[in-house]
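Here the chain labels run A, B and C in written order, and each chain numbers its own residues starting at 1.
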Amino acid sequence: MKNKKNFELWQVAVIGSVGLIVFLTVWEGAVRSGLIDAFFLPPPSAVLKRMIQLSTGTDAVLLRDIRVSAVRVLVGFALSALVGVPAGLLMGISPTMRAFFNPVISIIRPLPALSWIPLSMLWLGIGEEQKYAIVFMGCFASVLVYTTDATMRVDPLLSLAARNLGAKRLQVIRHVILPGALPNILSGLKVVLAIAWTCVISAEMVGANVGLGFRIWTAKEWSDTGQVLVGMISISITVLLLDILFRLVERALLPWQKHGVHR
Amino acid sequence: MRYLTGLFKTIKPVTTLIALSLLIFTYGCSDYTTADKTGSSKTEPQAELTKVIAVGSQWYGHIPTFVGIEKGFFKEAGFDLEWRFIGKSMDRLNAISSGEAQFASLGEIAMLSAMAHGNKRFYWVGNQDIAPGFEGLVGGPGIKTFADLKGKKIGFPFGSSVDITGRTLLKANGLVPGRDVELVNLEVGDVPAVLRAGNVDAALIWEPGFSQLKAVEGMTVLGMDTDTDIYKKFHTMTGPDVLILGKKWTDNDPARAKRFLTAYFKAIDFVKNNPEKTAEIVQGKYVQQDLELLTKNLKRFKWLGAADQAKVMTESGIYGQADYVTEILKNDIKAIPEKPDFRKWVNLEVIPSGSN
Amino acid sequence: MTETLIKIQNVSMTFETRKGRVEAVSDFSLDIERGEFVCIVGAAGCGKSTLLNMLAGFVQPTGGSISLDGDIIKSVEPRCGIIFQNYALMPWMTVLDNVSFGPRLKYISKKERHAAARLWIEKVGLKGFEDAYPGELSGGMQQRVALSRALANEPDVLLCDEPFAALDAMTRQLMQEELVRIQRDTGKTVLFITHSIDEALLLSDRVVVMSARPGRVKAVYKNDLPHPRKMEVQISERFLELKREVWDLVQEEVMRSIRERA
């Protein structure tokens, strides 16, 4: 860490912007010069134009798409965290629970969200519940595994110290395991939040009429590559914004973490 | 122990090497096969069959391709035709645009939309059927008239021909999508089950789902493609089937393309003249449908042979209809930015003249 | 000053491991008086930590018994506060919260426990660092926090598990002096584990030399060096004499354990 070159924030911003501009210029140039067929990859200027079209005037669908998809992501994600974090804590604390649930979790975890579409439609139809369910199923097992792992990685010495100070079992969980696992649980949840977005795009493949996934899939049916790209970029931007938001939450919850560095 | 770690140390680079060479090998192979698929007939002797990949679904419009394979028409003409399933028109067109596939039948709507968005990698080389009356709007329990649709949900595959049929019918009956009715995107295969489960109130669907739903008690056919202005004006289905060839593949050897289409239209003639035999040939292996329904539908289907193409592929033929459809696509559905000049994609030279 | 606080009677501890039974401590007996500062020295792996874990009540001896103030230790014993080598502070708690953690577990009001904690923080010289997180402090400062945390919980005994081993020499010296001062101020009983004979002689009233595994009492020395044990004491005849005696015993055990392992 020490020997790495440390840039100021503005320097990072400038270098990053230059990188982005170079990337966009090369892209635009490659299409304009005919190196790439614009049908296969519309230039950034065309994508931007399409983005403006889709977010202003009578056809302003983009903001609603973002909002609807974000709600689906957040609801499904929140549900999976609500169930997965306590269950993961339990599994992290109790070897019996871990042994009991591990096989089932191992079966569910590798299933892609897409594979839940047929059953979810059968059980829940094509409404919002089904979208939430797909996001939930795509996230739940990961939340569980990350939380279990985070719980098990809490330094056992800290539990020992707490017990020495007179902590009962529940107090150890409340005062040591929970706060000790929190940083790793949060970084796990951050990864899962990105997974949730891949799930919602799958969920919106069928039985949808709004959402970024729907926008991309229908644009494909019309061969509207520009709109496909607008949808993709909107996902990136939204995920980026949510990530920043998440970092702020993280910072608020873990005030002790950013310090560690100045030793 | 030391021996073991040493072994692991040597294993790592070895496995990496193996993995790398495997990658290179598979890449090389795929490269080789693609090269084989396209434009190799010039160098190879006539006896060698030219590999062609055709893509399609279970829709009746693909039946001539199946018959051509089974009856050996393609092989006679020097082609080894491989058929691959791709359910959606636009996905088929994209497969052709990428150069992986060479031939497909698909819906006119997808073709026109792709043209409007600037896809120039294919030729439009015919219209093999005009089969109105094979798709429609089915209302679930409680939906008997268009008026009942108010405030309800209609499910269908967005971007397909029923998209146009449905919107045209709704417009004619004074219903505005988004305001009066909610439209929901569905996979073709899911449509019957979703309507029967009551997750949507009505659905737009083509055969064989259309017949399946009609047969269910409580379902009402609210309208069909034959009720639309498009049918009234042009006597076609909303999005007739069109034939597509890869542009590069065609340009590399136009004579080969013509030879291929000649074999294809030979299959069309067979299907046209022998609906029962055709049903028997394709049922089970290519089309998983009740033989009776298949035979019945095949008899109703109107096929257009090679000789018909000279009449169909004209301004007084399908072009007028295509013009009208692009109008709808641009103004009503706003799916395309501009009306494409689809005539630029037509390649009449490779269409066999045929004889009746 | 002759009241026995801790009575360790014929304690032994065997573990079942995959490689078979391991006898960590065998027939260990020792009485510690209230207010006494006892150091235990011994070769690595002689069962010092096992002994400490038994005193804290984390594990129960497989033979013999340990009693504290007349009660046999059967479960975790908060009256024996531990100072760990790696501090074991909660990184998410401020210094104040760490120090008042013990009282908090007893549901003592925030006001009361914070007030008490502030006193202890001041006593170990950390005034002004109440709101700092452990991650912001040096090793020596963290060990001071750990010390005040243990003291704020009002234990009868301080169990120190090589607490200064990870500190640099200068900080260690300061901490040693600090500990002696606090021990003399508070009159706490201290059981201090170390592998440094110098440290043992500097701190203790008595030095217990443990044998190599299985750990037994090899010898007990009364440390009659005068207080305060400043530099002059550390170069005195008596100091060197004691050091040589203890070292001879420890060395014997170290050699034995090396031979046995080889």
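One rule holds in what follows: a contact is a pair of C-beta atoms (placed from the backbone, for glycine too) under 8 Å apart; a residue touches a chain by one contact, two chains touch by 3 or more.
All values reported here derive from a predicted model rather than from experimental measurement.
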Whose Cα centre is nearest the centre of all Cα atoms in view? A
Could you work out which chain's C-alpha centre is the most distant one from the centre of chain A? C
CA centroid of chain A to CA centroid of chain B, Å: 36
Averaged over CA atoms, how far is the centre of chain B from the centre of chain C? Could you give it in whole Å? 82
Where the CA atoms of chain A average out and where those of chain C average out, how many Å apart are those spots? 48
Quick one: in the complex, what on chain B touches chain A? 88, 90, 93-94, 97, 110, 113-114, 116-121, 155, 157-160, 182-187, 190, 193-194, 197-200, 334-336
Using the touch definition up top, name the residues of chain A that touch chain B in the complex. 37-39, 59, 121-122, 125-127, 205-209, 214, 217-218, 220-226
Which stretch or stretches of chain A touch chain C in the complex? 155, 157-158, 160-168, 171, 175-176, 179-180, 182, 254-256, 259-260, 262-263
Would you mind writing out the residues of chain C in touch with chain A in their complex? 56, 58, 76, 78, 80-82, 84, 86, 88-93, 101-102, 104-106, 133-136, 138, 149, 153
